[in-house]
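Both of the next two complexes hold chain A, though its partner changes from chain B to chain C.
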Partner chain A sequence: MRFRAKIVDGACLNHFTRISNMIAKLAKTCTLRISPDKLNFILCDKLANGGVSMWCELEQENFFNEFQMEGVSAENNEIYLELTSENLSRALKTAQNARALKIKLTNKHFPCLTVSVEMLSMSSSSRIVTHDIPIKVIPRKLWKDLQEPVVPDPDVSIYLPVLKTMKSVVEKMKNISNHLVIEANLDGELNLKIETELVCVTTHFKDLGNPPLASESTHQDRNMEHMAEVHIDIRKLLQFLAGQQVNPTKALCNIVNNKMVHFDLLHEDVSLQYFIPALS
Partner chain B sequence: MPLLTQQIQDEDDQDSLVASLDNVRNLSTILKHATCFATKNGIKVTVENAKCVQANTLTALRMCYQGYGYPLRLFLEEGGVVTVCKINTQDPEDTLDFDFCSTNVINKIILQSEGLREAFSELDMMSEVLQITMSLDKPYFRLSTFGNAGSSHLDYPKDSDLMEAFHCNQIQVNRYKISLLKPSTKALVLSCKVSIRTDNRGFLSSQYMIRNEDGQICFVEYYCCPDEEVPESES
Partner chain C sequence: MKCLVTGGNVKVLGKAVHSLSRIGDELYLEPLEDGLSLRTVNSSRSAYACFLFAPLFFQQYQAATPGQDLLRCKILMKSFLSVFRSLAMLEKTVEKCCISLNGRSSRLVVQLHCKFGVRKTHNLSFQDCESLQAVFDPASCPHMLRAPARVLGEAVLPFPPALAEVTLGIGRGRRVILRSYHEEEADSTAKAMVTEMCLGEEDFQQLQAQEGVAITFCLKEFRGLLSFAESANLNLSIHFDAPGRPAIFTIKDSLLDGHFVLATLSDTDSHSQDLGSPERHQPVPQLQAHSIPHPDDFANDDIDSYMIAMETTIGNEGSRVLPSISLSPGPQHPESPGLHSEEDEAEPSTVPGTPPPKKVGTGGGGRGRRWGRQQPPELTCSLCSSAHCSSAPSWPLYAPPRAPALCWLKTVRVKAEPRT
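On to the complex of A and B.
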């Protein structure tokens, strides 16, 4: 297995750092999948995550000007690594105004992802800061659990409001209840509801817009105002929203009635999918 | 503060009470468990703690109440996003009547809040009481605490720039449990001016004038009864 890659463009470096910060907020430990064309940050729906899963994908050629990898074998030309997300984002903090960033797979007493940052320097000589991030190589037999989640046909698909607004609403609601109902309809309306013995709070977002329906025929006689809903753990929603420091280029919410909510975001050219299951 | 009841009444004939407010931020920081009194002049929201402290705010708020048994509905709007709260009501307990009337007021001062804010934030929390002294001559207005490390006194002379009004008829020294006064710090932080009055029983009335971003004014009033009899000679 081999992997080495280099970023020299400042904007690409900053974007990569932002993505890494987001991943660190969304998942404490995650899987990094390296393939010839892409990088993926993956969190699969084990019980430990409370059933939450995440799939983040970026095209390597949008970031790296050098990218070489050799997977486990010729037929399985991929590498799956498990790492602590914060280690990567911390290493990238050093790279804010760097001249170049190199990442490679190494073995220094234990397998590592080595991140070296070449710093801009006043003098002609350059300074290099190196971080060795311990990683675990994930064996092939476990790869099947780490595949791109199948997105079921949603009952409602709706564009999200400004995430910062949503986050501040959910933050306040979290003080009142652990459960939240997220519901939306095909008329551009999304509601966040919490209910306890003493109080019911509902926040209404309107005029959000819905993406064009996949198949016109099945939905023709659908009642546009009918809400699809899911009961979810409010902390999971808050964790997802807290990870979005910048408002995404595109943000879609898909609700499968009483089953799960699927968030489909695009941060410029990086896609993020986040699945929160219904509370049982 | 004008209530918009005239306009709203046409839309919501069902409701016994409808009221509206532009900015609830101040109100939300003060309220916890509250009893609401609605009169033609405004709404008084009373919060009690251990039956010894009472805080009243005179503001208007967009609330709808259909009557006994129905939940209180609050409507909040910000940037096109509407939040509706339905709060289940409870049978109110009688609120304490502190029987504090202006005719019994012995001493009264009005201070600019900025002068008190730092003092209150630095109060020695090891002290069980805050002692307030108001006198005709020095120290005029003194806040004292008595903690494990020692006692501290904060004096505000009557000719200080912060002192807007100083009316002292007789020397009074009263102690109040600090734990009961602590909740008033929130109102102090938001306020621009505070009036402190004590009556013949040593009961304390503090009124905080709060001006919000739109220039609207509301008042928060605290009543507190003294902790114990303190001989006047002590200072």
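On to the complex of A and C.
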């Protein structure tokens, strides 16, 4: 198993740093999957995470100008590593004004992902910062649990409002109740509702727009105003929203009635999918 | 004692107090003829800090009212810090700061004269007189490096603020390396991230150390001095010796100087001789016993030598032979009769001049330290294959095992002045 990659472009480095910051906010521990064309940050559907799943994918050639990997074997040319997300984002934070960033898989007393940053320096000599991020190699038998989640056919698919606005609304609602209902229809309307004995609060978002329907036939006679809803834990939604520091290029919300909500975001060229299941 | 600080120096004084507050909980304020000294030591006696402000730092400085002896006092760091808590406020509103020590009323009075006629008076009670003196001599340390504080500030930037300890050493090609130090825990599954910063020799104004030498000290305590030095734009010197011997961090300008003396992790493993460069344990020449300086006379100090006399309360009269302290590692036999009597007061120790045994889990600042003969792992620095790097910062170095806190400081009691 080998992995070596290098980023020299400043913009790519900043983008990669932003992505790792986002991952650090979404998942404390996550799986990094390295394949010849892609890098994935994965959080799978475990009870410990409250059933939340995350799948983040980026094309390696959009970031790295050097990328070499050798997977576990020829037929299974992939590497699955488990790491603490905050370590990676902290390591990349020091690469703000770097000349070059190198990442490689090493084994210094324990397996780690070594991030080596060459800083721009005033003096003639270069300064090098090295971070050894401890990792756990995930054995092949567990790979099946870490595959791209199947996105079920949504009942409603709608574009999200400005995430910052949504986040401030949800933050205030969190103080009132842990149970949030998210509902949307094909008419561009999305509501966030909380209900307690004393008070009900609903925030309405209108004119959001819906993506073109995938299959015409099943939805043709659907009532456009019919709301699909799902009851979720507000803290999970808040954690997802807190991770979005930058406005995404595209943000889509798919609701499967009473089953789950699926967020599909695109940050420039990096796709992020986040699944929150319904409260049982 | 009475002194007056004006203008920008008020903030400087405030910053110094902030720095000292990172070390200890009690501040020893001692007005001397050559300036006002502020000292502190941490609870485990593994860190000592001292700032000396020259008389020129003050608009007015009177060490003692004529006819009276010099007074000393010890006050709670928290109390003194609260006066200077907001540095922004000090800068914006405080015009003058007057500090006076009134032996009669046992009060330290700090008066801040602020804008718009506002005057804030703080009456701090102090505890009985004690003299905190540490024995250390930067000149006797074989290794030293000096750099602008800014360079060192940039060097510690990649390390997490919560990191307790860091190892500083010289690697191949005379590269200066800082590496995060984590205590080895046998049963720990969650390993901590290791960060390493590698700087070239050119970043340093002076680098006098051989490749392979290294010490491990508390980063949190060092940051206290570093932030002060950065704000004052001063150069910071680090004098160090073998692991286990204290490291001395100094800053100096025309109006003040600061010393932070931090214990370093010692190397108690005899196998250490096999690892690393063989020159590491060159015996350091014995300190010459100086001519006995007058206990309170600091004017005799030359710039590089800060041997401060150690006094005992037993028959405190006349001359006393300065204990000569051998700096070579390992247990040392006492060479001065004076040492024995002091050790009787100190905690029981098998060997004078070395730390007393510390139990597991104890230690200042909640940092548990333990005895242990752990086989130090051989660490190698990551290789840099970039064309920009002049030489690969590969650093054969071992991580010394933990040792208890050094108790090389003696707080001595001086006869309390009879109060009238």
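Everything that follows uses one rule, which is that the second predicted complex is superposed on the first by the 280 of 280 C-alpha atoms of A that agree within 3 Å, B and C clash if a C-alpha of one lies under 4 Å from a C-alpha of the other, contacts with A are read in each partner's own complex, and residues count from 1 in each chain.
Going forward, contacts are C-beta pairs under 8 Å (C-beta built on N, C-alpha and C of every residue); 3 or more make two chains touch, one makes a residue touch a chain.
If you're wondering where the values come from, they're calculated on a predicted model, not measured in any experiment.
Enquirer: Quick check on the chain A-based superposition: chain B and chain C, clash or fit?
Expert: fit
Enquirer: Which partner, chain B or chain C, touches the larger number of chain A residues?
Expert: C
Enquirer: Between chain B (first) and chain C (second), which does A:A100 come into contact with in this model arrangement: first, second, both, or neither?
Expert: A:A100 sits against chain C, while chain B stays out of touch.
Enquirer: Going by the contact rule set out at the top, does A:P248 touch chain B (first), chain C (second), both, or neither?
Expert: neither
Enquirer: I'd like to know which partner A:T203 touches here: chain B for first, chain C for second, both or neither.
Expert: The answer is first: A:T203 touches chain B but not chain C.
Enquirer: With chain A's C-alpha centre as vertex, what's the angle to chain B and chain C, nearest 10 degrees?
Expert: 70
Enquirer: Going by the contact rule set out at the top, does A:V169 touch chain B (first), chain C (second), both, or neither?
Expert: Only chain B; A:V169 stays clear of chain C.
Enquirer: If we overlay the two complexes on their shared chain A, which of chain B and chain C does A:P277 touch? Say first, second, both or neither.
Expert: neither
Enquirer: Could you look at A:P161 and tell me whether it touches chain B, chain C, both or neither (first, second, both, neither)?
Expert: first
Enquirer: Between chain B and chain C, what minimal C-alpha to C-alpha distance in angstrom results from the superposition?
Expert: In this superposition, no C-alpha atom of chain B lies closer than 11 Å to one of chain C.
Enquirer: Following superposition on chain A, which residues of chain A contact chain B and also contact chain C?
Expert: none
Enquirer: Note which residues of chain B are touching chain A in the complex, please.
Expert: Counting only chain B, the residues touching chain A are 71, 79-88.
Enquirer: Quick check on the complex: what are the chain C residues that touch chain A?
Expert: Listed in rising order, the residues are 154-155, 157-158, 160, 190-203, 377, 379-382, 384, 386, 388-390, 393.
Enquirer: Can you list the chain A residues touching chain B in their complex?
Expert: 161, 165, 169, 197-207
Enquirer: Which residues of chain A touch chain C in their complex?
Expert: Against chain C, chain A makes touches at 84, 87, 90-91, 94, 99-100, 106, 108-110, 112, 114, 116, 118, 121, 123-134.
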